[in-house]
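After this come two complexes, each holding chain A, first together with chain B and then together with chain C.
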Partner chain A sequence: MLDGALLVRRQRVPLRLSAASYLGGLVFGLALAALILVQLGVPAAALWQEFVVQTFLTSQGLGQTVTAMIPLVLVGLGTALALRVQFWNIGIEGQLWLGAMAATWVSILDLGPEPLRLPLMLALSMLAGALWIALPLALKLLWGVSEVISTLLLGSIAFFWVQHQLFGAWRDGTTGFPTSPTLDATERLPLLGWGQVHAGLWLALAAVVLAAAVIGVTRLGFYARAVGANRRAARAAGLPVLLTVAIFVLGSGALCGLAGAVIVTGTEFRLSQSIGAGYLFSGIVIAYLARSNPLAVLVVSFLLGGLYTAGGVLKVFYGISEAMVLLVQGVVLLSVLCAQLFADYRVVARRPQ
Partner chain B sequence: MIKLRSAFATGLLAASLPVAAGAFELKSEPKIAFIYASTVQDGGWNEAIDKGRAAVSEELGLDIAVAENIPEEATRLRAAIDLYVQRGYNIIVGTTYGYSEAMSEAAQAYPDVAFFNASGVHNGENMESFYARTYEAWYLAGIAAAEASESGKIGMLAGFPVGVVNWDVNGFARGAQSVKPGIDTTVVYTNSWWDPVKEGQVSEAILDQNADVIATDLSAASALNAAEERGAGAIGYQIDMSAAAPEHILTSVVFNWDAYLTPRIKAVIDGSWEPEEWGWFEGLESGVVDLAPFGPSVSEETKAKIAEAKAQIIAGELQPFAGPLMARDGGEVVAAGEVLPDDALWTMDFFVDGITGTMPAGE
Partner chain C sequence: MGENGAGKSTIMNVATAVYAADAGEVIVDGRDVPLRGPADAMAAGLGMVHQHFRLVGSFTVAENVALSLRGAGQKVSVAEAARLLGARAAELGFRLDPAARVDDLSIAERQRAEILKVLLLGAGILILDEPTAVLTAEEAQALLSLVRRLAGEGRAVVLITHKMREVAAYSDRITVMRQGRTVLDAAPAQGLAMDEVARLAVGEIPAAAPRVAARPGAPLLSIAGLSARRGDGSRALDGLALELAEGEVLGIAGVGGNGQSELVELLSGLRRPEAGTIRLGGTDLIAASPAARRAAGLRVVPADRFDSAMAPGLTLAENLALTGIASGRFGGRWLVDGRKMRREAERLIADHEVRGGGPTTPVSLLSGGNAQKLLLAREVSDGARLLVAHSPSRGLDLRATRAVHGAIAEGVARGMACLLISEDLEEIMSLSTRVCVINNGRLSAPMPASEVTPDRLGALLVGHA
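Coming up: the complex of A and B.
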């Protein structure tokens, strides 16, 4: 039967079909996840209460989901911006750590007057993230070095740098443990009075709006679309390819750096070895599922934040192991990804010659 | 109990909540939860605490909830604590220093819940951090190692160069030197808390350098496997690791956390718990840290020496870090007749004389 059918790529994917494929994938994935969970001993009757109500419909659960979402939005947007110009940023965690280090550095040195401290920490984190991606960008533009390798390796270097600081100059002198001293109250993002949700939410939303505006409305966004579709054709058409690529890639690094600062100033209040772990995976999944669309990044990050909250519930109340939690999350994400196939392609019966 | 101004003190002053007098009282039926950063069956640190949990559960006849793999990130830990508190849990035990900040914040947000944290750094009206003077038991293990060594060289694996690890290393070396003054202690830091493959390779490398005893300050048993295969003496940590080296095991430095947890949690339930202002921090005399039964190759004479040293430590006559204490790279740290104070223990960042190896990424 298979050799009697052809997959034909659609020229244009209707919005309705695209939405239906996402939703179908999500429902299929959740159903599969529910089956696995029931097999693992989670009572079927509790599924709705625990995962939908607890994760999205209670104030506390929703607060947790939104708190988890904030840095996810920033790294998701970061990845998406780079992908728009066909640049694979695999060094998300590296830029995030650089941003976190920049913010910590400002705090440790008490740079600037107190009211400007927090803005300075955030601004420098963006600069640090952008600088950390500027190197692979330059290597790629000058000598064609693959950014997949160079960003990835710079990520490892950033991690060793963090370790070096934490076991050296920045180690908390009172405890001897590898964490930086805690931030002063003025160096923290204010809480919004809803769980642990902090003002980083406004930064994340502003970043979404800004990115959507740049991509959707400005000339630069148009250039990026052309560069992303076909770099050589864009160059032949006389578009400023280098400038466009540079702005989007540096923006990508800056957003990932900002994510690092938001984690440090919003939830952790200090630099430690465990911040930022896993954000590479999340960033790529979000950008991919959202097809590099900023508004979709927001939605996907929210859902992924919900998956993390639900994962917490599984571990806390049902003793489900980490491996199983990851498996269930993977099943949901994979089925959403696979479902896109049906939006992108038409299945056509092959006619006998 | 010796109560010195420790790192806990300065930590508390920095975070600062005045500790009010009077005992903590539960407002509802006790519901207990333990939170772990990785799997409970890790063969070491978590497993030792979970044995304590099981003992508490049996002693009190209460089910105790367990959450595994809650990462050392404020958002994830706080989410887990919120969930427990929301469902009526009122005694929450954390198991890693990485939980310190978030747990302290949670303790302030939930004043009616009792919080405990193993190797944590914060304390308060409803929160107590606890750890053991593990260097005392490592001193005893050092005696066992030196007595077993013929080559005059013993080895040790360590994780990250933090105070609680460095004092194990130095305690081990001091114990060994107490019976064989010229003995060389070779130390390698793996820069990880759990990496069995790397630990195995590092153990082989240390044994290749003519060491004939190897001790591990980590949770995996790789060093013991390597020692058993090569016929070298082995010393485990956290739980009795003799199964990994049945013939050549000398002993293991073990935690008996129930000696702390059971009376503590009982006190919370009967309303008599008053959190230690600077955290709970005791050694051999409390029974929380000790040596596991000795292996078949340990002589009666060695056992007698260890028993004597143990009795002296418990009596307060012997102090592993009493002066004169010389740092390998920087002269005298403690003068004769004095003892290293607790705050210097927590920030210990030097090797005592007689240690070979490097401490990574020091200042």
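Coming up: the complex of A and C.
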């Protein structure tokens, strides 16, 4: 019982303690997940093999995890950038859909000369993602409209727009399914010769490095920290608050848009109704666990990518239902989140009364 | 009694089980009471009125009381709570509308509501934390007589305060704390020399700030016809006008809520005026951005430093750099020079004797006095021509108050002008060259500080002159 103990907030959280609590939470969560899976009939011996060896330790498994990680890094980073300036981007999937559509649009119309096709697809996807978040941003800055509602709703609109295209003008004529025609070879991100890992990895890593540099050593990063910490004080100090918020939020939209294009051009090679599902949830979890730190976003995305890869294996080879896979993943994430308590607070035994 | 940070509020929060003690016991009526939470303290008859009231702003007074009573396990309807409130208020000899929304009440009325609530919860021991800090002199008098009446009913009342003189006359016994220890234990108030009590509370007394010499230079600030409305449409400032010269301190006294906060926000550029001009050294700043105003030498110390001046989550160095970074003082156009930022912070921290942390400590870990010293170090720096200071020593102990006043006086001696807005007359009188009073968004005619008498000021404060 907590009656016997007190929680005392730490004034400073040492890095070592923070890392230890993440790790402790992860181990506890995985153990709990293992327990559930054994109950469901997965042989205990196979767990180590599937969860750890096949996901992180074999070249093929690691390749799958890294492939899953690439778009996660981009959406996680996107969410983190917006959070830095206290903007809740709940429309990650909307911007992702717009980015995916922009890339598909370029491919269908065969815009531009062939060597420039792929760069154009990627650039336009960023522009589309940024434009899709520009409206909620303008509404917020001009009239204080809550971005939580506006970005969320624009996410739904984006999805309906995708459906409208896929069931209409963009439907693949050869199969009749509601997916866009497959991309030409020149429109795909080159593979790196390691499973399905594609050149999107370099884009994701570059985005991480760029974001870390902007936040860490530039004046713009300092402005963002000040705006995030106390917006009124930043304004009174004469900092360009609106500009800072606009740059970070548009950057957030652009990264999410890029994630959409990277999924289309890197792994799926076509636009379908299912490619964007789940990224809203993932983006927020990643940004939160990483505390909006770009380098931590990379680490968390990698682990989450592993979790998703293992989930896929469980579904296909052990007949575990989608719901149970989500439950297991939720258990792991929740225990990592809960373990934060021990980093932020000291538990002190209360003397007996 | 005791200075800020002496531990007065802490010990009372322990007594009411808001905080848990590491060691020690709470004895009520000779019995050791185990306190596991505020509910236990309430059951033991301890009731505390905190400095920041525990009332739901969007509820009526009666709803707040009903909420608390039900929380304590009594099934009371809002109508019954209203009846109880009315009866208890009448007994104590004041009026309070139980159907009024707490947000619509004045601070003094909220305080009365809070006291009534605690009494109705059955408090035999009433603890008031800095009850007079937010009240005008008259309201404080009324409150202290109310406290005497409650004591007359047989209740024990604890008054936590650092305003010694004001409270001493109403107390039977006085306990003085300093740095977490009791230095005077429940001495009978009668026959106690106040100077002695003050010395006990403070330890050694730092030298008083040097009185600012009345040596006004060239005219600097000229405000005319300044008008503004609050968010609810009521008039905050009504054609306010003033003149201020270099090296001069204009003290604006007045009861809180007469337009002071709005005036400060208009000057810092956080609020748009309806009409008027603010000329600083000949340039009209009325439409200028906060950045342009700072560049022109206008500096602001607002009443709440964490509202619009500093960010508690940022470090000392970052907070100090907040205002200089946009002009490129810490790095070039694109990058930030963290080392230069920390070096400058080290210098300012040493020069202004800020204690409790270094350049990389978050400001939230500083005490109020040290945070305020840090803010003044930033605002009264190179290029400051006009300092707008709103209640700069509110909530600070004597030592920190002296440091803050010293920093202002030093700036003024260098030729900076200061607009000092405060409800603390002692503060106004110790720094100002001229004094005026703000009332309903208008200023009285300024008078030289030497001609100010309590009678004249008192009449202006209540708006009868």
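Simple rule for what comes next: the second predicted complex is superposed on the first by the 338 of 353 C-alpha atoms of A that agree within 3 Å, B and C clash if a C-alpha of one lies under 4 Å from a C-alpha of the other, contacts with A are read in each partner's own complex, and residues count from 1 in each chain.
One rule holds in what follows: contacts are C-beta pairs under 8 Å (C-beta built on N, C-alpha and C of every residue); 3 or more make two chains touch, one makes a residue touch a chain.
Please read all numbers here as calculations on a predicted model, not as lab measurements.
**Student:** Quick one: on chain A, after the overlay, do chain B and chain C clash, or do they fit? Just give me the call.
**Tutor:** These partners fit in the superposed model.
**Student:** Contacts for A:A237 in the overlay, against chain B (first) and chain C (second): which applies, first, second, both or neither?
**Tutor:** second
**Student:** Taking the superposition as given, does A:Q11 touch the first partner, chain B, the second, chain C, both, or neither?
**Tutor:** second
**Student:** After the superposition on A, what does A:R219 contact: first (chain B), second (chain C), both or neither?
**Tutor:** It touches chain C, and chain B stays clear.
**Student:** Rounded to the nearest 10 degrees, how wide is the angle at the Cα centre of chain A between the Cα centres of chain B and chain C?
**Tutor:** The three centres form an angle at chain A of 140 degrees.
**Student:** Per the contact definition in the header, classify A:F317: touching chain B only (first), chain C only (second), both, or neither.
**Tutor:** first
**Student:** Under the stated touch criterion, name the partner, chain B or chain C, that contacts more residues in chain A.
**Tutor:** Touching more residues of chain A than the other partner does is B.
**Student:** With both complexes overlaid on chain A, does A:A229 touch chain B (first), chain C (second), both or neither?
**Tutor:** second
**Student:** Touching A:S150 in the superposition: chain B (first), chain C (second), both, neither?
**Tutor:** Neither partner.
**Student:** Who does A:S301 touch here: chain B (first), chain C (second), both, or neither?
**Tutor:** Once the two structures are laid over each other on A, A:S301 reaches no partner at all.
**Student:** Quick one: smallest Cα-Cα gap between chain B and chain C in the superposed arrangement, Å?
**Tutor:** Superposed on chain A, the two chains' closest C-alpha atoms are separated by 40 Å.
**Student:** So which bits of chain A does chain B touch that chain C touches too?
**Tutor:** The overlap between the chain B and chain C interfaces on chain A is empty, containing no residue.
**Student:** Sort out for me which residues of chain B touch chain A in the complex.
**Tutor:** 7, 10-11, 14-15, 33, 38-39, 65-76, 78-80, 82-84, 86-87, 97-98, 100-101, 121, 160-164, 191, 346-349, 360-363
**Student:** Which of the residues in chain C come into contact with chain A in the complex?
**Tutor:** Residues of chain C touching chain A: 20, 22-23, 34, 36, 268-270, 289-295, 300, 302, 306-314, 318, 321-323, 325-326, 331, 333-336, 338, 365.
**Student:** Report the residues of chain A in contact with chain B in the complex, numbered from low to high.
**Tutor:** Where chain A meets chain B, its residues are 60, 64, 67-68, 163-164, 167-169, 171, 173-179, 181-182, 195-196, 267-270, 272, 274-275, 277, 308-309, 312-313, 315-317, 319, 321-322, 325.
**Student:** Could you pull out which chain A residues touch chain C in their complex?
**Tutor:** Contact set of chain A toward chain C: 3, 6, 11, 217-223, 225-226, 229-230, 232-240, 350-351, 353.
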